Every structure is written in C-alpha cells, then in structure tokens.
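A, B, C, D and E label the chains in the order they appear, each numbered from 1.
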C-alpha cells in the first residue's frame, strides 16, 4: 500500500476533497462541427473527448446490418501522451478493447436502438489526459455527445467510480487513489430510474461493504447528472437563442 | 450455423419463467463439476456439464520488468480453441475472447491471488515468470466459471523448481535433486456467473450455451471464501437495479464456498494419491465403465521374426549403384554434378561456361574473352547429333530449335528441347581465379550449365535409374 | 494444343509421358536434375553457398554472432537455420509472414541438424557459460522449381564447410571479446549428409527430384536423408500415398548413391578453392 | 437366396475392411450398397465404423453413431429458416451447406399468397434434391401438392439435436422407446433424419421430461430404457390421464 | 517427480486407452492415451467452408494442433502438416466437394510418442465422426538406444538417450507407410528393424480400434 495516507485524520483526501465530493467538472457540448455530435469533459485532471457519427448506413467490416436494431460501434483510445509513461498503443490492446466493449454494452442498453434498424452509430472516445475514472469520463462525454447528436436515449447515462479506504467510501477516485490497490467500483447509471447499465469492480472488497460503496457511486452518478443536465440545458437554450436571433 | 430457432428460444424462456431448466436443474444449481489433475504438476482439467477446460501452469526464469524489479510475473492466457465450437477461430482472439481473458486476468492476477514477490530470485535480474494457459476444449456455456476453477486449481497444484542463490550464482535444482516448491497462493477467487432473463427478473446460475444465447446479460461475481469480492462485472445490453447486484452477491457467497470446497477436495485427493503411490493422472480418471471408453493394458510384441523380415528386405534390395554421375569442377568454388536436365534460368546468354572454364583454367588466365573457336562449335554439333541418338527412347523426336529457346516448353506432340548453337554461345566476363577467400562470381553460378557436358562426360547421372524404370507399373486409367 | 491439354488435364498429360517412362522435361523417372554448387560467393557472410538444382536456386549465407549459452549446456554454441521463401521465387508465395511451407522446411532442416551430429557444438564455445558462437544459417530461395529441401540442405552443408570464423580472444582485464583480423578457423564438420526427395504420382509412380509441377500433382512426397557413410538420418514422409517397405528400400538405395555424389561434389568444390 | 440369408450376422466393421468374406459370393454384382459401403473395382470396402446390416438379400449398409448429417434425397428433415433471399428461404438442416426452400413449395402457396414463414422458424420438410455437387433443395409438399404433415412447425414445443443413430432407431417400426414413453405420457413428436427431434407435450415440465428421456436412451439397451422411464415416471413426469398415443 | 514410473522392457508397449465422444460439440472426438501420453482430437465436418478455401473436387482438410503451453509456432506447423496429410490420405475427400473437414488436436500430456499418439487420436476421432475413410491409420513410435536395444513406445525420459527415434504411420489395408519422421540416425538395417517393430505395434493399435469400436457399438 506504499504507506500513502489516502485519508487524513481530519477526513480529507490527498487532493483536499471530502470523501463524498466529486472532482471539479468542466464540460462543453458541440465542440466540433464535423461530427454529428461531440462533447468534451474534464473531471479533475482526466480529460476526455467524445464524438458521435450516425445513424448512418452500415460501413466497414463491423458485422452485418441487424434487421431489428442499430449497430453501435464504440472505439476507446488513449492518447500516447495521456499517461506518465508514453503509451505505445493508443488502442487495440486487451485493456482498450475491453473498455470499447464496455462502452458499447452501456450504450446498447440506453440508446433506443430499435428506432434505427439496419444502420450504425459510431461513438469514438479519446482520453487526452488520464487521471483515474477514465471509463466514467468516457461515458459522460459520450452521453453528452449523443445528446448533442440528437439521438434518442432512454435517459442520461452517468458514470461514477467509488473506492473504499479506512471504512470510508470515497467518490470519484483519482489515479493516485486507484493505484494504491484498494477496491474500485465503477457504475454507469440511468439517474432517474436508478437502473444500472454497467457495473464493475476491481481489487478486493468485502461483500458486506459493497452496498455502502455502491450507494456512494450512485450518489455520485446523480450529482454528475445534475451537472450534466445543467450544461445541456444551457447549451440548448443558447442554441435556441441563437436560432431566434437568426 | 448454430443459431437457435424461435421455438427453442421461446421454450427456454418459458421454462425459465416457470423456474425450470432443460437439464432439470434448479435456477441456482451448478452442473456436475469434476476437477481432475494430470500427471504433470500444474495441469488441471475441469468438466462442468459438457463444458470442458484444460489449464496448464508453466514457469521460466526471466528478467523482471523495470518498474517492478522484485516481483515475479504472472501471465494469463485463455484460448478459445476451435475444438470447442465452430465459431472460435484458431489464432485470433475475438471480442468475446478478450472479454473472457480480461475477466480471468482480473480475477486471478489483479486480485493478487498469487504472491508475486516470492517469485523473485535476484532483484532486478532474475524472476520467475509463471505462465497460465487455459484452453477451452468444449463450449457449453459458462466458460468463465469453469476456467477460473481450472486456473486456480492448476496454480495451487503447480510446483516450480527450487532455487538457491549463493552470491551471484543461481542454481536451479532439478526435481530429482530437490523437491519442487508450490506457489504461494494467498486465496482462491472463484467466479460465479449469473444470467438474466425477463428484464432481469429471473436469474440463472451456470447457464448452458443455449441459455446464454437467449439471455439479456450476465453478471460475474468473483469472490473468495472470505467473502471478499475480487472482481465484479455486469455486461450485456440490459439494465439492472442495485438490489439485484446485492442479491447476486449473496447467492455468490454460497456458491463460492461450495466451489472452493470442491477445489480443495480435488487437490487433497490428488495429494493423497501421489503420497500413497497410487495411480493418478487423466488416464486414471477415464470412466472405465462407459462403453465409449476402452483400455488395453501393456502388451508385448513378438519380435522374433523381425530379423528375418529385415534380412529379407536387405537381400531383395539391390545394392545401391556406385556413384556414376559425372562430377565436374568448373572453376574454383563452382562444381556441378549431373547434366540430366538443364535449367532455363538466365538462359538467354546460354553461356557455355564450362567450356570456357575448362579452357580458361588450363590456360591459367585472367581473361577469357571470346576464346571460343570454331572447333568448339563443330564439336557441339556433333554432340547434338549424338544427343539425339541418346534420347531415342523418348516418345517423340526432339525438335531442334535455333536461337533462344526460353523456358522449357514441351508438349506431347512435338517435344522441344533446347540445344545450343552459335547464337547461344555467350562469353562471360573474365573471372579472377585466385587464391583462397576470394570473392567468387555469383553470376557464373547462376548461368545455365552446359548442355554439352552430356557427351563429354563418360557416364550420365543414372544412378539406380534402370531399376526405377523396370519396377514401376505405370497405370493408365481412363 | 499440347499446352491446353497440359493446363486442362495435367494428370492425363503426365500419364501419357510416364507411360513411356519419361518425364515431360525429358528426364527419366530416377534422374536428378543437374546440380551446380558455388561456394563462398558472398563475402559479407562467414560462409555461403549457392545451389542450383535444375531451376531451383537456393543461396545460403551463414553469419556468426556472439550469444550467451543456455544454463543447461554452458559449453555449446548453436545453429539457427531459417528457410526463406520470398515472393520473388514463385508466384505461390505471398508477401507477409513466412508461408507454412517455409516454416515446415525450416523445422525439417533444424531437426536434421539436430539428429545428424554434423558438428561438435562445443567447437563453438568461446568462453564457457559466458559466450558462444551462434550461427544464423539463412537459406533463401531465389527460384522455386520444386524440391526445396534437397537444395537447402546442400546449400547449408556447403556453406557450413565454407564457414571461416575469426579467432576470438577474451581480454582478461576487461572481459571483452576481441576478434582477430588475421587468424580464422573453419568448422570441423564431422558428418555430412544429403537429402533426396521423391514424389509419388497417381499413387503409383515414384519420381526422384520433383519439379514444382510434379510436386503439385504428387499424391505424396518423401525425403530420405542419408549421411556420407550410408546411415539414415531421416525418412521424412509427411503423409500421402502409402509406400511399401520394398519401395522405401529402393528409395533409400537411390538416396545413398545421391548422398555420395553430393558429398563428393561438396568436397571437390571446396577443395577447388582451397588449392 | 434364402439360404444365403442364414449365414449373415450383423457385425462391427471398421473403415477399410474388405467385406468379401461376409457377403455371400453369389450376390456379387447384383446388390445394393447403402451408406458406409464402397466398391473399388471388384472388391467391397466399408468406409465407416459401424455395424454391417442387411435387408432382403440384396441390400447392405452400415449403421453408425454419426452426428453430422449428409443430405440424402427423400429424407424428411427439420430445419431452421436462416434467411429470406428472393424467392427462396435458406434453411439450416445441419448439412455442409444450407438448403433452399422455395416460397411456392408450401401447400396452397401461390405467387400472391406467400406462406407466413419468419427467419428462425422451424420447418419440417422433405429433401427433393440432394447430391454432392448441388445445394440441397427442400419442399413442404408432396407431388400432388398436399402438405402431408410437412410445413412450419408450430411455435411451441422444443427442438433438440441428437445423433443420427438415435433418429434411425426411433424411426424403426414399433420403436419400443416411443411406444413405452407413449404409454405413460402423451406427446407429439416430429423426427428429422438430420438428427433433430421436435417434441411437444402438455406442459413445459413434461416436454422437458420427454426430451431428457429421448436423449438419454442413445447408449441404452431396451431394458435400461424401460428402467430409466420407470424412474422418470416415478419422479412425477406423467400425465394424470394417460391417453393412448 | 517427472521420472516415469513405467518401466518398459524392450518390446512392451504402454497401455493404450481411449475415450470416444468425449466432448459434446464436435461431430467426432476422442482422447487417446498411451501410458501417460494423452491427446484429445476433435473433428468437425464435412461442413461449411470459406469460399476462398473451397476446392472444386474434394473436401478441404485442415488440422490445428494446439500445444498445451504457449502458442503454436514452427514446430506445431510441421506437426500440423504431418497430421493433416496423413488424415487426408485416408479420408475419402472426393465424396464431399466444396466442404471442409476440420481436425483439431490438443496435447493433453506429453510423456513420449506424442506424434504417434496425436495421429491415433485424430484417426479415432475421424472414425467416431463417421466420415467416410478408405481405411484407418495407426502410428507408433520406436527408439533405438545406445547399445542398439529397441524400446517400443518410449517415454520422454527414455528418448533422451536415444540413438534414433522413429515414428511411423501405417495404413490398415496394405500396411504401407503413410507418414514417417525420425530423430537421430541409424543404419539401413537398423531402420528396417525399427520399421518392422513399428508395424507390429501399429497392428496392436488397429486391434485396439476394433475392440474399442466393438465396445462402443455393443449396445445398438
């Protein structure tokens, strides 16, 4: 455990946050013109960019068109400069492929896939700077990008991670907290219905503490939702305004 | 190919709604699970219903990674063998394969089930690399749970060679020398897979392949007997609630303790069998009663007539003929035997270099420019005549062709061989025949060998040829 | 007409010839194409040889490098054979990773080296447990017209005989190896061998030294590898038409004759440059 | 002829066995060779491991436990519709390639009145064309245009796969298995020569029981089968009102 | 630990065992054991073939050999080709044009004579799958030690000090040689001796096939 005190006696974390506090979030919708939808998010030092293309006709070798729903194609990549040591392969290694798969599953469950049979939606997510909670940042960015693209979803999908240190659950863990070997729970959730689209946990956690940690993560998701929703509303009203003006 | 029909799908779903399964199990029951060990250490086979997994642990000494100089390495590899299902391709990992690999890696490696620090031999220089190969031999659903059992059982069963370090010298003891040592397995994480149906209302433990095909999604709970969660994951395009996750964990606790007990018992059984010197290994665990199995004990072969047989063969066999083909050294570092068939490579020049070579060598000269006199040409024509005579056995007469005949064309009606004439004679540039280690001329060797040597040499490369003709019966079926 | 017949009915075409005990290229059934050997043609390699067997052309270059020996055999150096069938030698080989045939041939060459006791690997030792020679033997096919195995082995053997390794001294103080620029030594080849490949046509007729066409039509292939003194080194038959013991004995006989020829070819060719 | 019947005993043969010794000499040249037998010039060889059997003095074949189906003309098979392509359905019947089934090969189907068949439906059909060089072709009607029980199999019930040997045994006249099962449980069954069996009983529970019983009897003798069935029935897998089948 | 408890006298072969239909998915499967050496083989086919691999006049036969440790390399490719050609020789591939027969061979345990065991396992799996064959094939391994003594079906330990190890595959109809592979060297006479012992051992395997099939088919 390298002897790092993740939680001070006063109950503060290394970066000065309280256990249940999210990192500072900055986000923007519609950052690119090229894509059908795009969004950029910063959660603390984790920075992610998502772009959405589609729905369009099925292209490339990614399987045959499905007769009853849309194909969702996700690609997760990490910029070579996003980590401390240079990353040789931005994508295609086992971990990135796993991440792409998870993203795909998450959005298959939340996008109204039956509306676009025989077509395809591409979601590309790029991590520019990695500081923990990569998956969460990706999901949040992708959700915003999908909203920006105007693709109907069941609800927002918000993701948040949580950890567990000294009998205290922590919200939105950073890289430093992740790498100390403690448990990390990641949840992607539809905040209104509290349905979980993706859930994963790594490292060891006693089963009795699970509920507590899960609770904190879902609280984090809801907080995330509030922030995202506000941003979307602001974006939409700005759009509406500009339309009125024109 | 293996797609389920609508009625199968409907039936399975309806059965699940009534809490019934095709094989008569209850929703939370595992199939019959059997763990066997091979004769080798670290080799384990798991049967879970019809799903079959083989795991093998091996080790080697490697240099540690730079950022972890005092830790050994654990490499986990799960192979979806094409044996298990036609949908699995050899050599390439599908998305499904990567997902399973990562889940297994997360359960076995990231949960620190094996103590990697104890695998260090000399910090920064030599550490053990433990390799875990898991092969899926038959796919009837729930690969992950069975792979996880096989992996952990194999790791616990494995013994690595003992090592002593004195100063800088590292001695790896052979198994005869010193008993191999087991790995330090801290805890045994086991995966339990739940399949969800009917919008998450129904769940099944240990789904079969058919059940997997109709499910909405799975939840994997990796846990050890101390009720510590090691990995958890919900996948599939479905939505579930927090309560369901908690419920799965509770069921998982029970299942994990059952499975862990099973692994421990199997290890114990193997241990006592080895200690008591009884037979162990897969061959012993074949179900002997089954009519599909058959065992014949050691047999003795009667080899009394082998000698006779050998001497018969040796006697009837004709003695190999003496070396009869002509060997020729054309110039230093360039030799040739046989002249049966020339090659058409680089034959545009058709340099009769042997000719030149011979002339050249005898005259001991550096340059051989245009040294071919008319005498040679006459000789050549004679040879061609001779050659014709020699090949009368061939079905069709050879058709002489003037000029360059390129890649050997031949057909059944009109066979063309290519012969030499004036135009074919070319001159190669002078070759410096020098002492040792000189650089020899590649181009010379690549040139077409002489056709002419045929007649000049005493015998042709016909070693053992006559017999070949005689003894082969040539079929001519329509 | 004939060319069409050959393209449309290659088997029938061959049958017509073989009925007359001659092959379409004019050879008799047991006849081997002419073999040309040229050694030492590549001066950048420590040893090299070029072999032409009819049209099949293989060049073998051997480069020595330093390596640390294995823990089990601290005194032994090693040979690393590799057969390369690049796209330039035939249209049947595509660019990219080595074809299956190249891999299989490499493996056969490696096995043959192992089982023939061709040289004493301890000769390759520089400093016990620390440094040995590893000889990379790369055989590259330049023109592929069948019977690659025979050609590769001749090239390999001749190249090995041609190897001259600089004498190495190890500096006592620095522990560094120094290459002598004047002194060199050759390898002590104990045991020479040669391969003879047979193809079976139409489950009945044995042909020696098949061309690529004959290989394609063959219902079976067999390679007999024999040492100079007539001992068998390998009978490699990767499936195909079953052969009786008598047929095999015939092949062995033919291979023994061939091995003597090849060995004297190599001897004489090497002698010729060592005058 | 009758005399030569006598000394024939069904026996186990392996691929490559010459059958000259087991087939009476006078029959040579005028017999029918069934699956698993091959003639090479004058000799007859087996090509599969199985039991050499004979029906009327002229017909010989080999019975074996095979899983993979090789389409044969006239076989009734159960297939799954995998694709609608133009005027045909593609149907997976477990052979090396998919079979084709025309829209018009259903009872009462016309160009206007297309049959209601969806991808994923199970059809019970008869092989009209089956040879090694052509795609197998199915029909769901007989030569007079009647369905004769062929067509789309209803949406309930269950279809499972088994070996071809089991199918052949079940299709024997007076198959003891089906008969015995029928005495205790009432069920519907459709048996495809391609190793697929569709079963429907009154409830899901009993359907599962029938499926289990049928799959288990692959390697069982008749007595074992009866024992197993009794156990099954004792375990409560029977209808309250047994009906004659 | 790995030293083998079995002690072969020169002309004894280790116990042979088999289990057919050992896995449910493939069309045919078998485990073949010779002493502690154990190989599992599975056959799919005749089945669907990729259009680019289809042959117009016969079935495409592929063999995948899976080593137990690590991924397959050059050695495995050589083994694959050997097994493939051997199987193709005995299969009646012309009966199934434009189809594929896929054979997968998995090493379960290597205690000597691995290639022979692999070929036997593949053959038994093909028999089990009921794919039409010209005849069956059996392989055996025989070695000659330092002082010319013959050891049949040697263990891994024994092959370490072998002068020559011969593996040969024989067909059941003409008892001719289908495949052969050799390590080490021997004289021609010694070769024939090895070969003829191998043939005898193969006969035992053929007998074994028959007995195993008789047993499997004993309950019709």
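Convention: a residue touches a chain if its C-beta (ideal position, glycine included) is under 8 Å from a C-beta of that chain, and two chains touch if they have at least 3 such contacts.
This is a predicted model, so every value here is computed, not measured.
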| item | value |
| --- | --- |
| Contact-connected components, chain A excluded, all else fixed in place | one piece |
| Fewest hops from chain A to chain D - one hop per pair of touching chains | 2 |
| Busiest interface, counted in C-beta pairs | B-C |
| Innermost chain by mean C-alpha position | B |
| Farthest chain (mean CA position) relative to chain A | C |
| Centroid distance [mean C-alpha coordinates] between chain C and chain B, Å | 22 |
| Chain centre separation (chain A, chain C; CA means) in Å | 59 |
| Separation of chain A from chain E, taking each centre as the mean of its C-alpha atoms, in whole Å | 53 |
| Where chain D and chain E are represented by their mean Cα positions, the distance between them in whole Å | 33 |
| Shared-contact residues (touching 2 or more other chains) in chain B | 1, 291-292, 313-314 |
| Two or more partner chains touched - positions in chain E | 21, 47-48, 171, 188, 192, 196, 216, 219 |
| Contacts with two or more other chains, residues of chain D listed in rising order | 219 |
| Pairs of chains, among all present, that meet the touch criterion | A-B, B-C, B-D, B-E, C-E, D-E |
| Partner chain A, residues of chain B touching it in the complex | 95, 98-99, 101-102, 105-106, 110-112, 217, 219, 223, 226-242, 245-246, 249-250, 252-253 |
| Partner chain B, residues of chain A touching it in the complex | 94-95, 97-98, 101-102, 105, 108-110, 113, 181, 183, 185, 190, 193-208, 210-211, 214-215, 218 |
| Residue ranges of chain B in contact with chain D within the complex | 1, 3-11, 14-15, 18, 20, 22-24, 291-292 |
| Complex interface listing, chain C residues touching chain E | 100, 103-104, 106-108, 111, 114-117, 220, 222, 227, 230-245, 247-249, 252, 256 |
| Chain C partner contacts - residues on chain B that touch it in the complex | 172, 313-314, 316-325, 327, 329, 331-345, 391, 393-395, 408-415, 417, 435-442, 444-446, 449, 461-465, 467-469, 471-476 |
